[in-house]
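What follows is a pair of complexes built around chain A, which joins chain B in one and chain C in the other.
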Partner chain A sequence: MIVDQVIAASLTLTTPILLAAMGGLVNRQGGIVNIALDAKMLAGAFVAVIVSSMTGGWFVAVLSAAVAGALVGYLFSLVITRANANMIVAGLGLNVLVAGFIGFILNWVYDSSGTLRLPDVQLLPKFMPDFVSGIPVVGLALSELEPLTVFAWITVFTLPFLLANTRIGLWVRATGNAPQVARAMGISGRNVQDFSTAFAGFFSGLGGAHLALASIGLFNEGLTAGRGFIALAAFYFGRDRPVTTALVCLLFGFLDATQIRMQTAGLPPKLIGTIPYLMVLVALCIAGWRNHRRKAVAP
Partner chain B sequence: MAEAASIGRSPLMDWFDKGIGLAFPFIVALVVAAVVLLAIGENPLDVFALMFAESFGTQRRIAATLSAATPLLFTGVATAICFRSGVFNVGVEGALVIGGLCAAFIGFTLPAALGLTLIPLAFGFAALVSAIWLLVPGFLLARYEVDEVVSTLMLNFVAFGITGYLVNGPLLSEISGNNVTPLVHEAAQLPRLMPPSTLHTGFLIGVLVVILYGVWARRTPSGFEAALVGQNKRFSSAVGISIPATIILVMVLSGVISGLGGASHALGQLHRFADGFSPGYGFTGMAVALLGRNNAIGIFLGAVLFGALASAGTTVQLFSDIPLDIVNIIEGTVMIFAVVELGRISLKRWRARR
Partner chain C sequence: MNVRNAARDETGQVSVRLGADRLCKSYGSIEANRDISITVAPGEIHAIVGENGAGKSTLMRMLQGIEQPDSGRIIVDDQVVDLTGPQRAFTLGIGMVHQEFMLAPDLTLLENLVLGDEPVIRALGPASTIDWRSALESGERLARETAAHVDWSRTARNTPVHIQQFVEIIRLLRRGTRILILDEPTAVLAPQQVDDLFALLKKLRDGGTTILFISHKLREVMALADQVTVIRRGEVQYTSPVAETDPDTIAGHMVGGQGVLPESAADAKSRQAVVGDVVLEVSGLTTPIVEKSHPLHGVGFELRKGEIIGLAGVSGNGQNELVECLVGLRPVGGGVVSFAGQDITHMSNQQRRARGMGYISADRRHEGLALEASVEANVIAGSQRKPPISNGGFFNRRAMRRAAEERLSFIGVRHGGLDNAAGDLSGGNQQRLVFAREIASRPSLLIVSQPTRGVDLVGIAAIHGILSDFRRNGGSVLLISEELDEILALSDRILVMADGAIVGETSASDADIGHIGRMMVIQGAGDG
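What follows is the complex of A and B.
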């Protein structure tokens, strides 16, 4: 029974990180390190709760969250590509700015500090037929499936194809990996980067919507709890490859799901929480050390 | 850039240029804030006037502003020292938190009989540990070219995790609830300058750090070399400046200053370490450094400005029910527009055309 629950919880907790990481890795392949995924997730979650309450429809809510994320991403991209802003500082600034705006609206419009609880919020539907819950081990996870989780995993497996075989996928990769070539081919690097940042915003918005609408149905200022940065850690560790990154996300989701259980085994959750970040540090060190050796060998 | 533009121009124009450059992000932020305030039907000028009065109106409010500015003096310098050498250290926040914990640890574990020597011990230990903390990414960057942005960003979260664990576990105070360490001994607390305000001697230490930074940056060979590395790496190594040594130097200095900042905040303000020790002083410090263009006077003014925003924000929320979050909106906008080159580029082009 515990195994069932851990699998189900891991899968659910992976989804928001996975969605943001898919967006972020496309963005990074396009040459932009998006440090503001967290802001877009927060914006997505906020919009999702409001729209879901207003319209009573989960699909509209999810779509609005994604569009809101994409819009924030697009504006953010303009600051980087058109006004030559440093992407790291601007990204950190955007995190502060978006949190400020949301807090302001929360306080002014809804007269609440921190948490937004609205009536008639429709959650993501669990669409699997009832009998699946009878399947051993994975039954619980299957019965908990909702559209966003399915969509996230479809993305994981279609994204490699899209990046390798479609025109826009090639453009994105060319812009990030070989800007000179891209320019020589007449690709507008700025437009492609704007697209990839909007794409990252779209997916982060979806991730935020999942956080808000998967089970709790409310918004909180601390809802993302740094998940945008966990997503960043995931695609850094997964070296921008969709499937590898997804596996890393799954590991982070598993850690998240088992934190509380590990506490009873004497492992403090706060320290477990640092594992994703330590993993990235180790990965960076290994990659740096390898490059260093390669350079030392080459004449 | 200013140097290039100043050839054949009157110094007055040059100063005007610099002034606009410094004020530009803040002006944009005020415009954004004004639009937000208009949207909720408040008169922005009234609000700004109230904020100004609440931050500089009376002696007490000035003390509150300077008290809020104190950690920013440290984090501003710690950030600027790296930025001007082209090292994108975003790990000041983590180093500050680690330093705060170390100082508090010394302050309540060593015997109270040590008296006033506790203070230098605590500051020294905090500076040492924070310096080692930032030496790690500094070394990785200098030796293996490991991207410092990501490594320092990740280290921040590691710092939050470690300190969060310690204040809830081994170092948890037995008498007072959750998430805090015991209070440091009275002898280890920094004296207050203007009671009842919380302004403490840490402010003076912060000012001293800013002055020393200014002297180092403008008047010493090492400071000059560090700036040169930031402007042109190839030229610097051609004239014999060691880039790895410079990177390590600025990262260690940044760690030392962050550690001092953490110690000052722990011993002067909170008298202990608590979870949520820093509400983002490291990130605000980045805004301060950018707004001050890594210049000592600029950093001081930037820190006071953000200190004023923080101290005024709280009372403005009390008196006029304008949400405190307006401060974050201003801070975020300043950060974004401090790195935007729109205005300066168009100015340059306009110059070139004439």
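What follows is the complex of A and C.
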């Protein structure tokens, strides 16, 4: 039924945004606004497709994608924390650079422009037993579950605990809140920020792997379609809180799923396709307005 | 971990706990410290006094390992040490409480306490889970020993400043600090809180902690310190046991023997009951209760022509909100503000200025001046649309320059070129620059908030002189200050503000500092 399908599609479309947003919010709590999540997702998707094709193993592919994202993130972080580059300008640059680099590799190694189709790409396994599809309403969504979606939601509910109660969690929060205090207490803010940016890259890479390996099994230059930026909007709106942010991601996933449905229902597809992005703007306006109100009343 | 642990190596007969031996430090052509030598004995409270810019901060930065001396040696426990960085100083037991507190505002006090030295349940490196229970136990034990009441679950942002200061001290003790450096620790405290802090410091000293206390308040030095060293222009001028000296001698060495103390007796006598017209009348002023700002509860008073009213109070009891309401930067909830007989309650700041109100903001660096803009632009700001400076929509550069020179020389701002950035001036001259601009438009009322914050003794004398002259010429002043001495020195009448209301009033002649101090803290409910 249509409800089942919308639920299943929403959940699947939420996962990549959710993974990137979890990484990005940790990064932001550590004091770095990472606008290059999209680049890391793209890199993750690219590596996932290649490795999956080469090895025929989804797990290795996903792990490689995450490591690739983390590596890009770490390098990005070094540019910010060691070379003191502006994080927004550097982030913009990285988005362009990674897209260009991947385009170049596509052209040079695979002699293709834009799309990479490789043989034997193994997709993410759907591991739920068959009988779940019989469950009303959520059955379809359950049967479509794959490891990355499960992992993403486990992260949502463990991250608050980790941030609150582990040493690195405290260091990340202290560094983001008052870097000079963290430094005075013997914490290397730069190392913590490098870690948090690599962490964001790791999760964005996973998000990219999900995009490529959840169902289509190929890479395309426009694959991320700005989802890294939607993730950014999600944790802005969710005020860096994992569970709130996850709910916002779910909303974006739902909008994405409904716009696809509406396109198939004969409405102008390009116009309908802008709905999620329009909602990002709306969400950011609301977030900005809310912050403004809070600031206006501060002494 | 324990206040008394610090005494454990007392048996080792150390004669110099912390020493500086001919330290020199230059920045470019400026010699910030020249041949500074000090000796701090174990278990001593040693006060370092000097004006702003005398070189105290440079010395402290070197003793903290933040900066390395160009020449000279630092001694800890009779050993020459090489303080390569703050961490090295920290491991040697040197800890500092800065003027700006080193607490992360959005973390709880407990999180701040353990930050960087977290007790863990099982050691897994950075991924270890923090043992909050043992953290809380150690925090509470130290709080008990220092007789402080600390709500550890509060965020630092929502904690009164004196508790924040206690937490900073406790945090240093927890991490094994034996040599405590405090940089003007009383600047943010009410008189009673100062007493509490001094009691704590004396207790720590008796437990074996060595304390280096930076101040320019001589009364506090006399009350607390065992030994005093005066620094002026980067050199040690004078050092003596406190018991063998007196404030006049110390002050003389601080300012170079010219004896510049803020107020002359003659000026105090010239103050009398003022019976001029009412210039500013405030009645029933309230502000809505909004997050993070202090509401006002029916504030009312009258300010007359030729009068200075001093508004005393612990910071954060509604003074900033009152000032912002008066100058038109904050919407008023209820009540009436009238200025020269006219209701200005809902007028903009610009309209109020046009009617003769001047405003010296407490936040000189953000509200008072554009630090990166030139001295000229800063002193002209606000008059840029008036002829002859503006002529048919264009600036007349020559007229602007002339007006700037006039304004600056009128109250003797010492500046380099007019094109230099305002931020290059010393704190005192920056503040004089603000006064030069505000007085240029010949206001009848000045609202002056914390005019001498971060200003040295000579600058304070100059600013007090400006305010006295302004009053003598018929101007009215509302003076908001955290420095009770300043309020006592200048005001004709003193109002005490606590918890968003005026809780007391006294004339300058009857003023008693103890009484005012009690009103400031006892009436204030927000200070528990």
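One rule holds for everything that comes next: the second predicted complex is superposed on the first by the 261 of 299 C-alpha atoms of A that agree within 3 Å, B and C clash if a C-alpha of one lies under 4 Å from a C-alpha of the other, contacts with A are read in each partner's own complex, and residues count from 1 in each chain.
Quick note on the criterion: a residue touches a chain if its C-beta (ideal position, glycine included) is under 8 Å from a C-beta of that chain, and two chains touch if they have at least 3 such contacts.
On a predicted model such as this, the values are computed, not experimentally measured, just so you know.
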(request) May I ask you to decide whether A:Val181 touches chain B, chain C, both, or neither, giving the answer as first, second, both or neither? (result) second
(message) With both complexes overlaid on chain A, does A:Ser112 touch chain B (first), chain C (second), both or neither?
(response) neither
(request) Could you say whether A:Asn84 touches chain B, chain C, both of them, or neither, answering first, second, both or neither? (result) first
(request) For A:Trp171, decide between first (touching chain B), second (touching chain C), both and neither. (result) second
(message) In this superposition, which partner touches a larger number of chain A residues, chain B or chain C?
(response) B
(request) Answer with first, second, both or neither: which of chain B and chain C does A:Thr158 touch in the superposed model? (result) neither
(request) Could you tell me which stretches of chain A are touched by chain B in one complex and by chain C in the other? (result) none
(request) Would you pull the chain A residues touching chain C in the complex into a rising list? (result) 165-168, 170-171, 173-174, 177-178, 180-182, 184-187, 294, 297-299
(request) Mind listing the chain C positions that touch chain A in their complex? (result) 86-87, 90, 102-107, 111-112, 114-118, 120, 125-130, 132, 290-294, 316, 320-321
(message) Can you tell me which positions in chain B touch chain A when the two form their complex?
(response) 36, 40, 88, 90, 140, 143-147, 149-151, 153-155, 157-158, 161-162, 164-165, 168-169, 280, 283, 286-287, 290, 323-336, 338-342, 345
(request) Would you tell me which residues of chain A are touching chain B in their complex? (result) 33, 35, 79, 82-86, 88-90, 92-104, 106-108, 226, 229, 232-233, 236, 268, 270-271, 273-274, 277-278, 280-281, 284-285, 287-289, 291-292
